[in-house]
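Next up is a structure, given as structure tokens.
Chain naming follows the written order as A, B, C and D, and within any one chain the residues start at number 1.
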Amino acid sequence: MSSTYGKIFKISTFGESHGKAIGVIVDGCPAGVEFDENFIQNELDRRKPGQSRITTQRKESDEFQVLSGVFEGKTTGTPIAMVIPNEDQRSKDYSHIATQFRPSHADYTYTAKYGNRDYRGGGRSSARETAARVAAGALAKTLLSTNNITIQAYVSQVGKLKLDKQYWELDLSKTDDNAVRCPDEEMAQKMFDYIDETRKKGDSIGGIITCVIKGVPVGWGEPVFDKLHAELGKAMLGINAVKGFEYGSGFEGIELYGSEHNDEFYIGEDGKVHTKTNLSGGIQGGISNGEDIYFKVAFKPVATIMQDQESVNAEGEKVIVSGKGRHDPCVLPRAVPIVEAMAALVLADFSLRAKSNKV
Amino acid sequence: MSSTYGKIFKISTFGESHGKAIGVIVDGCPAGVEFDENFIQNELDRRKPGQSRITTQRKESDEFQVLSGVFEGKTTGTPIAMVIPNEDQRSKDYSHIATQFRPSHADYTYTAKYGNRDYRGGGRSSARETAARVAAGALAKTLLSTNNITIQAYVSQVGKLKLDKQYWELDLSKTDDNAVRCPDEEMAQKMFDYIDETRKKGDSIGGIITCVIKGVPVGWGEPVFDKLHAELGKAMLGINAVKGFEYGSGFEGIELYGSEHNDEFYIGEDGKVHTKTNLSGGIQGGISNGEDIYFKVAFKPVATIMQDQESVNAEGEKVIVSGKGRHDPCVLPRAVPIVEAMAALVLADFSLRAKSNKV
Amino acid sequence: MSSTYGKIFKISTFGESHGKAIGVIVDGCPAGVEFDENFIQNELDRRKPGQSRITTQRKESDEFQVLSGVFEGKTTGTPIAMVIPNEDQRSKDYSHIATQFRPSHADYTYTAKYGNRDYRGGGRSSARETAARVAAGALAKTLLSTNNITIQAYVSQVGKLKLDKQYWELDLSKTDDNAVRCPDEEMAQKMFDYIDETRKKGDSIGGIITCVIKGVPVGWGEPVFDKLHAELGKAMLGINAVKGFEYGSGFEGIELYGSEHNDEFYIGEDGKVHTKTNLSGGIQGGISNGEDIYFKVAFKPVATIMQDQESVNAEGEKVIVSGKGRHDPCVLPRAVPIVEAMAALVLADFSLRAKSNKV
Amino acid sequence: MSSTYGKIFKISTFGESHGKAIGVIVDGCPAGVEFDENFIQNELDRRKPGQSRITTQRKESDEFQVLSGVFEGKTTGTPIAMVIPNEDQRSKDYSHIATQFRPSHADYTYTAKYGNRDYRGGGRSSARETAARVAAGALAKTLLSTNNITIQAYVSQVGKLKLDKQYWELDLSKTDDNAVRCPDEEMAQKMFDYIDETRKKGDSIGGIITCVIKGVPVGWGEPVFDKLHAELGKAMLGINAVKGFEYGSGFEGIELYGSEHNDEFYIGEDGKVHTKTNLSGGIQGGISNGEDIYFKVAFKPVATIMQDQESVNAEGEKVIVSGKGRHDPCVLPRAVPIVEAMAALVLADFSLRAKSNKV
């Protein structure tokens, strides 16, 4: 029951890395949302493998089909099923790991939990599953765009290479201009070279994705457990390889005094309430305050490396796990649309929940 | 619908800072769990105000009453209602903020979302609500203790004062020996002095709580959205003033190569599968692997300060918000049992969910 | 986790027959709903024991207290806790059933399921729990009244005494004029006498409650599993002693041909779409069509009787269960407000769900 | 969000009558359940159209494909997606109803609720969707069979033709021996002739399906809202054309005295607690007591008839709806596997929920 996300705008994903297909059902999308197949496909293309030499060379066209819930170009209010067939299923690449537990992968925990597992390419634990989230997230983005909400993520750090600019100093429209998805051209090139070098060593490296959301009206999110940032945090931590989440001032904010950290209110030129600073990250008491929402997501170096590693197998014997197959030396460029998709799903759900705030 | 947490071990909290009472219903606790009133009261006492001069001087005995679900000292499988009356309701202290929006509080967002709000002491957005979570969490701890699971949190940073020791270098049984709840005596004293100094300035300061969970069996947590660390993250981010969450290697891990970060498996002296290192933080693919689970939670400096701040009121007029009433200069000492309680609630729920893993 | 009902307008009840209190949390009620304490108390009074000599003589004033979620006479959007203390806890009356399984009660199934149970007065399985539903339902009624929706239930059959009039032939405002809650005076008297006679024999009798809902706009309810009538059915079957549910033409409709059963559409004088007949019971495809919604609920004779019955105890020994204590010879008069409350809760939830139908 | 059913064993169906495909995701099935494709296909065949001349002549092979969640013949604990392509999509048959509201269909309510609708063949409101439930239900049956639980439904009434035998007087293994699915051969023939006659008149007729469940252990089901019979009722009322539900003594039981209706306990030859009679229908206080569970489901005559009917269209004009296309004169024979499937889904879910009853 863990493959379902959302209270009203609800998605259920399915599929294994090397099964017949992956996909998603969206149950709870309002009727009348434009279903823009090109836009959805474009979002999937941003995530798909083989985009450059610093991403895995697995061949997947990732062309999706919609099976239900759409009529004459619009959603009908009924469940929308989207399916992405798996094409490149070279499962022979993975047969050696049928019983071996790859370090820092989910092989051991799945085996212990379920007894059996689809070991081909990581099965359900493969990040391939996130394509389904991107498809659903694209629809959520369309729904949000009717509110003029934009969600823009970008790579702000790779290993020790850290972009020392705030999001408002950057031209986020340039994010997709390079293979790394860092909007600063110079830093993007450095990151590219670093990732490529790491790839050549058969190793992997982590980094940070920053995400900025503009246009969210005041009042989305809920008190107590379902705070807007708590749901964003859960959604981000649910992405493969994520180890940390912070919003607004985040971990750095702890060193400030309250008198430095508080965001004073004033009435802006638009006649609305605004804050002079935005260390709150657009969220106060778990509820959006109309300012920009921004947060950071930390990704570990992916576990698949092209090097020999010590491990054990299901029989408890010592084995050497050799690096084979194809892999991403750094997942961050492809994770940018995933971060955006999950943020969109969180917000789409809250947009519908907010409809019951008042009589 | 946001005051409910959990899928099977489910809690619903209620209550405002200055209403008649706060409380919680636990719906889904198995029958036969020992209901140890003293233990629950003790956990509440760890969180209650007035413990030392570095916590708020609000007077609340926080004595709870159980209304249902317990018979002859054990849970019966039916909902357990626990209520904590509010005693010290000096709401006059708060009348000045009926229409003013305190900076970095939820006054503005609640007003915008709901139209009206109980402004006395922050109402529902007050951290007083967390007492209800601590009561429910104490019961969850009891349930987990039948599995020999322990949950220990401690203050590891206050402002810039950072404890540079790993959790395994500390004697966590000493955490409650001082008012700060830092198990390192020397650092605890420094932190105490720093918080007290901050208090005298009428200011506030943030920090970090580290939490360590031992004894969780392999196989708890779920793939995809409800990963163990995703639920822990959501639970922590749902605590008032939290700005960030990381587990295992966290934000620091991003600078390592995969070959450095991966945790190699071996067979331990107990004949079980273990990892040589534990940068995974006890969780792989969202599922516990039997190693220690550990994570960090970042708290901002609390918004209530005893200084004048600029702001606006509900009429859109410029106002000066003056610091009045009682407040915590640093919430971390009192937040330790809250972090533990929320971790216990997450794990109790997963312990029940894990019962359906296999036929 | 079974004491919670609703997706958005969500209630959680708690409490045992002879514990300290029963009560309910409403989580998800919009802000700004008038909180009419008198109306809620009045609904509780309609359900409370001791109303006449044909209801149980247990003494309970059933005065409720609201602990949270209400400020200056209106709901605030946060959880509303309502508590009803138990006053008349003569648990000595029930001590004899500590280990005996009363026929057609839940004593045996609770014991088998949970291991231990609060045997005093049926504990959680007592219909006393329904008072909490009535309190929550009263609030739901208030919310619905802003849509001019009315919900009126009445007793239409007791034993073999069947009211042979359709609801539109009756003056439903007279329902509460007599102790039976049958709007037909003559039949009400017959029913009263019959119930009283049954009481004198120490026996019990069942019957039917009919419920009529007017003013529901077109479009409430959901396709597939959460059809409006499916939720109504679940809500009614969740009331103690209910054995059957039918709506519209119900069980009788099966003998008609489709050509007789179909409700033809026409444009009414109000310019809206209407149906000439209403065998559909105001619901088509699970969704309200604007016509009156009506349904019937069958109640068995209550299990508590003042006669000796054979049974077994927890040790597997043959025992005689003697009728003691106080009981209702016929629950229907007191069940009328419960049926209305549950219908109100179902509709309140759907009213909020319907807000997400379209963009 | 209404196409999802279940708390732990959770299904989400999708698909329209004349879209590309229908299907279902099962999220929450334990790992290690045998995935018997033949059995699932066989259940689908029991429901599929064209079985005899008294069912619709629509041509659908209803061959399903499994896309995920199964490995080496067993479930893996991850979501199981099953898809059934739509083959016979003669949507031209339906173009005439693009704007017309067919009497007692969902055309009007869907249009009002969603604004737009897929009008081809009823779209989402078509009973074709139930094939997805049957596929999921077959898997649930397999899970239950490991507990030796059997679920057997049969047609017990068609129009006024009523089988006057109790289920224990019948040989339920004969149910599938005839096209009507009535286990009494003689009555089956009468029903067949009656349905065929109705078909020739271009009309339709309703009836009753009785369902018997054997082998459910004591303790399944929950107190209060999620009573076992309340969930069964909701599940049955969610099936297209269902108007009523009763279990155990049902509507007839209301005429009995409590002293006649109560089921006295005794210790059976197997040493277990049993009841002498079973008017409780195997459920007491919402929880199974180990006796046979049995219930009845009332189906109205289906709305599609081959006769002219008056109605209106979306423009509010008077129109004549002509009977065209293919239809079932009586849905009951094909509804038998649907009733069984929904019962299986309810019980599978409760079987998993029951795992958390006690520590």
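Definition applied: a residue touches a chain if its C-beta (ideal position, glycine included) is under 8 Å from a C-beta of that chain, and two chains touch if they have at least 3 such contacts.
Please read these numbers as outputs of a predicted model, since none were measured by experiment.
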Item to check | Contact-richer chain pair [B-C vs A-B] | outcome: A-B
Next on the checklist: Which chain has its C-alpha centroid farthest away from the centroid of chain C?
Outcome noted: A
Item to check | chain B and chain D: spacing of chain centres that average the CA atoms, whole Å | outcome: 46
Checklist entry - Taking each chain's centre as the mean position of its Cα atoms, how many Å separate chain B from chain C? => result 39
Checklist entry - What whole-number Å value describes the gap between the mean CA coordinates of chain A and chain B? => result 26
Checklist outcome for this item: So chain A residues touching two or more other chains come to 1-4, 7-8, 13, 28, 31-32, 77-78, 113-115, 124, 223, 353, 357-358
Checklist outcome for this item: Listed in rising order, the residues of chain D that touch chain C in the complex are 1-5, 7, 13, 101, 103-106, 108-110, 112-115, 124-125, 129, 157, 159-160, 198, 201, 203-208, 218-219, 221-227, 229-231, 233-235, 237-238, 243-251, 253-267, 271, 273, 275, 279-281, 284-289, 298-305, 307, 309-312, 316, 318, 353-354, 357-358
Next on the checklist: Which stretch or stretches of chain D touch chain A in the complex?
Outcome noted: 1-4, 7-8, 10, 12-16, 19-23, 25, 27-28, 31-32, 65-69, 71-72, 74, 76-81, 83, 113-118, 123-124
Checklist outcome for this item: Note: in the complex, chain A contacts chain C through residues 7-9, 28, 30-33, 77-78, 143, 146, 223, 352-353, 355-359
